[in-house]
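Once you scroll down, you'll see the structures, which are given as structure tokens.
Here chain A shows up in two complexes: once beside chain B, once beside chain C.
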Partner chain A sequence: MEAFLAQLTNGLIIGCIYGLMALGLTLIFGVLKVINFAHGEFYMLGAYISYVVSQMLGLHPVLGIIIAVFAVFIIGMITEKALLTPIYENKVDQKDEYALLITFGLSIFLINAALVVFGPYQMSPQPLANGVFDLGVLSVSSGRLYAVILAVILMGITLFIINKTWLGTALRAISQDRDSSTIVGIDAKALGSIAFGIGAAMAAGAGALLAPVFLVFPIMGVVPAIKSFVIIVLGSMGSVKGAIYGALMLGVIESLGVFFLSPSYRDAYSFLLLILILVFKPKGLFGGSQWNN
Partner chain B sequence: MEQLEKRILLALFLIALILPLFMDDYVLHIIILSCFFIMVASSWNLLAGYSGQVSFAHMALCAIGAYSSGLISTHLNLHPFLTIIIGALAASFLGLIIGVLTLRMKGSYLALTTIAFSEIIRLVLNLEYKVTNGSVGLSVPGLFGDVSSKIPYYYTALGLVCLVVFSIYKLVYSNFGLTVRSIREDETAAAAMGVKVVKHKVIVFVISSFMAGIAGGFLAHYNMLVSPELTTITQMGMVIAMAVIGGLGTFIGPIIGGLSLELISEYVKEFGNYHLMIYGLLLILVLRFSPRGIAGLLKKKSRVQNNPIIKSKGLENEVQK
Partner chain C sequence: MLSVKDVDSGYGNIQILNGLSLEARKNQLTLLIGPNGAGKSTLLKTIYGFVKTTNGTITYDGEEISSAASHTLVNRGIGFLLQRVSVFPELTVEENLKMGAWSFKRDKNRIKDRLDYMYDKFEILKTKRHEQAGLLSGGQKRILEVSRTLMSSPRMILVDEPSAGLSPKIAKEVYQVLHDLKDEGITMLMVDQNIRESIRYSDHVYVLEQGRVSSESPAADIKDNLKEVVESWLKF
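What follows is the complex of A and B.
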């Protein structure tokens, strides 16, 4: 029972952090109607930046996370400006295909650039805190506990921005109808870049938080990216609520799979889940309720 | 197909026919690998370029072909020629399942599912080491037994490439191909004209999976080794880069792209792993600025040369300057 509880807690913790990443993906999809296939590489960039700041420059790990989030926010905005603008200027024939391929190309470029700069080695950054936190029946390593607290704070900030601020209202308007929102005076182009930047920054935050748990290496982003794809399909693409619930469900299902089946197939359970959703409920569990919170 | 493209292909084919007379085994080895990549890139282009379905599972299906062919030939002692076909059938069967599951939905579902599928295949191949021999790779019998000469393999590769490329050509320029291309241009309009959209998409997916399976099976029995390396995202990226840099949705594009990128990567490998980074960058730049790739540039050039109106307009522009 204790081992099961420990697995479940672990699953929920990792699920929360993947939730942060998936929230970024769903934000980008909601506003820009584009699936960002380089999402895993923004996660990787976040992890590397926090590693460089905390290990090489010797600053505090929390500072590393903050710098990573801001740096990737700016990188994301530049990426959107440079690569995705042709979609809205009607310069490409096949918009979906273009967005897929160009973000995938970006991901290949970033993986191999990281390989050139940092080499294929697995690096281990300093955890946020050492020791274990005792919760009575089970104990959690305090590094992970702080990571999940920071993840929840970051998610909270994003939800606050989406629901309560002018920026969030404008973003929701664009996600509902891009053309009409432009008519009422919303600068959809600039806000699109900001949305992409925020989405990428959330992936970077997740990467920086998970770096001490899963180590830092060039292809570290591939599996988390696929998991966030599963999460957003599970929770209906573009739905904010769905992304959070989907992430928690994914965490629980993975830990159940690890506990009852086999731990080495941890990453495969999410895929089985994806197939089940596609067969029985292709629109996801929270279908249609885009941005309604 | 344009006149220029035909001439280029014919020239390439003639050079390839007589190449073993002058070149050593190393060059032949690289050309055989290029043949493999041309097959994979061309069949991916059939899927993505002509029917508009971006799949990231192509290399995974290729690995399915390779592994099933390898396993069957080692355990049942069948001749590789036979097992390559069985492997390709296995790949197309999996392709059918993926297609039926995802192609009903619009947009990016196919890409999302296939990228997950390809990671799962990689995971299974790595973990089920009792069957697949894990990340070390499975050793399989050679296509021609213990023959060490590259020449029989070389001509087989050449034959297979011609077969695959020719069937793609026939397919694309048939009625079926027209229907498929109409789906890519506008799915709703095609459906309104009475095209069975999902059925056509699934058929194309199955055909291209079959071709990927053939290519994988051939590579396995040529290298006498299959490893899960085949299914990594970087390998898939390499294939996509070949098709896109060569020219997505053009007939000659993946052929030029596959050949040139493989040649370049073999010769720059000794300087380190920069080539994949550069291919990624090229992929982005080509998509952004010249969506039809090298083939598009060729077409533009030959149009200007053959078309007196464009030519004289160009002259006028120069005079005006």
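What follows is the complex of A and C.
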């Protein structure tokens, strides 16, 4: 029983952090209608930045996470301005294909840049905290517990911005009708950059939080990115609620699969779940819902 | 007030407007009529910067706006009512209205005044202020779009097919609202297929064909020749 509860808790913890990453992906998709194939590499960037700050500069790991989130927010905004602006200036005919190829190219570039700078080695950052948190019936690693608390705080801040601020309402407006948002005076291009920056920063936050668990290396973002795609598809593309519930479900199913079946197929469970949900609910769990739902 | 001079524009390699020139005079409702494909809606989109000009100039109150970014035009006092439904469906009615106040979002008092004004003017919006805009009826959505445009206190509104998709009864109400706006001193440049109804509220009419003005006259004159004008399109 204790082992089962431990796996379930572990699943919820990992699910929360995947949720942070998937929320970033769904935010970018909702506002920009772009599927960001470089999302995993922003996750990787976040992990490396937090590693450099905490291990190389010797600062506190929490500071590493904060710096990673802010740095990738800026990098994300610059990336959007530099690479995606042609889509909104009608400079490309095949907009979807352009976005797909340019973000895919960015992904390859960032992986190779990390290889050049850090090499192919796996690096192990300092955990957020050492020791174990004893909850009576089960024990949770303090590092993971702090990681999930920070993930929930980051998600909470994002949800607050989306639902309670002028910026968030404007982002929701853009996601629903870009032309109408322009007519009321919203600079959809500028806010699109901010949305991309926030989305990338959320991936970076997830990367920095999971770095001590899954280690840091150039292609570390590939599997989490695929899982984020799985989450937003099974939760319904563009649904905030779907991204959060989908991530928790994925985390739990993975952990229970490891517990009841085999740890060897950990990554396969998410795809099995995706196939099953799409068979019975082709539009995903929250089919038809919009980004601001 | 608004002057369009020798404007060419279009989509990609397809040119829709061919040296089009016209003027929308202050405090008047200027109506654009013409057959499908004449370039009426494209003209409004070109004025608002959604379609770029390749030649010619557009000036508003003496300032050139041909290359102005679309989102800045609301700050110059120009609003745009699109032909299609353009409410933000998953925002509430009040959030939609507040988005109309984006250009002065930090001025809480002004926003409150404008909201109160809209709720006085259109009571249905007050009743449904916390409902999602996507759940409103077609006529209510149109009223919300008009109100959202009015939130920024525009001096001129571009209106594209205000009665499209509405029942005759609701369309009549929308025309009455537009007529009231004209009486309040708002200049309008309007495209409409419902000529018989819209011409009653218009001051000046331009007939567009093949991306240019084929004729123009005071609305009062066209009212008498309406049948001939429409018949000439059918021949065309």
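To be clear about the criterion, the second predicted complex is superposed on the first by the 289 of 293 C-alpha atoms of A that agree within 3 Å, B and C clash if a C-alpha of one lies under 4 Å from a C-alpha of the other, contacts with A are read in each partner's own complex, and residues count from 1 in each chain.
One rule holds for everything that comes next: contacts are C-beta pairs under 8 Å (C-beta built on N, C-alpha and C of every residue); 3 or more make two chains touch, one makes a residue touch a chain.
Computed from a prediction, not measured in an experiment: that's the story for all the values here.
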For this session: Tell me which partner A:Val223 touches in the superposition: chain B (first), chain C (second), both or neither.
Result: first
For this session: Could you tell me if A:Gln122 is touching chain B, chain C, both of them or neither one (first, second, both, neither)?
Result: neither
For this session: Give one of first, second, both or neither to describe whether A:Thr165 is in contact with chain B, with chain C, with both, or with none.
Result: neither
Exercise. After superposition on the shared chain, which partner residues are touched by A:Asp177: those of chain B (first), chain C (second), both, or neither?
Worked result: second
Problem set entry | Per-residue touch tally on chain A - higher for chain B or for chain C | B
For this session: Return first, second, both or neither, reflecting whether A:Leu83 touches chain B, chain C, both chains, or no partner chain.
Result: first
Exercise. Is A:Tyr265 contacted by the first partner chain B, the second partner chain C, both or neither?
Worked result: first
Problem set entry | Set intersection of chain A contacts, chain C complex versus chain B complex | 93
For this session: Name, in rising order, each residue of chain A that touches chain C in their complex.
Result: 93, 166, 169-170, 172-173, 176-177, 179-188, 290, 292-293
Problem set entry | Residues of chain A that touch chain B when the two form their complex | 35, 37, 82-83, 86, 92-94, 96-98, 100-102, 104-113, 115-116, 219, 222-223, 226, 229-230, 233, 264-265, 267-268, 270-271, 274-275, 278-279, 282
Problem set entry | Footprint of chain A on chain C - complex, ascending | 12, 48, 50, 69-72, 74-75, 79-80, 82, 86-91, 95, 98-100, 102-103, 105, 148-149, 151-152
Seminar exercise, completed: chain B residues touching chain A in their complex are 48, 52, 54, 56, 101-102, 104-105, 107-109, 111-113, 115-117, 119-120, 123-124, 127, 184-185, 232-234, 237, 240-241, 244, 248, 272-274, 276-277, 279-281, 283-284, 287-288, 291
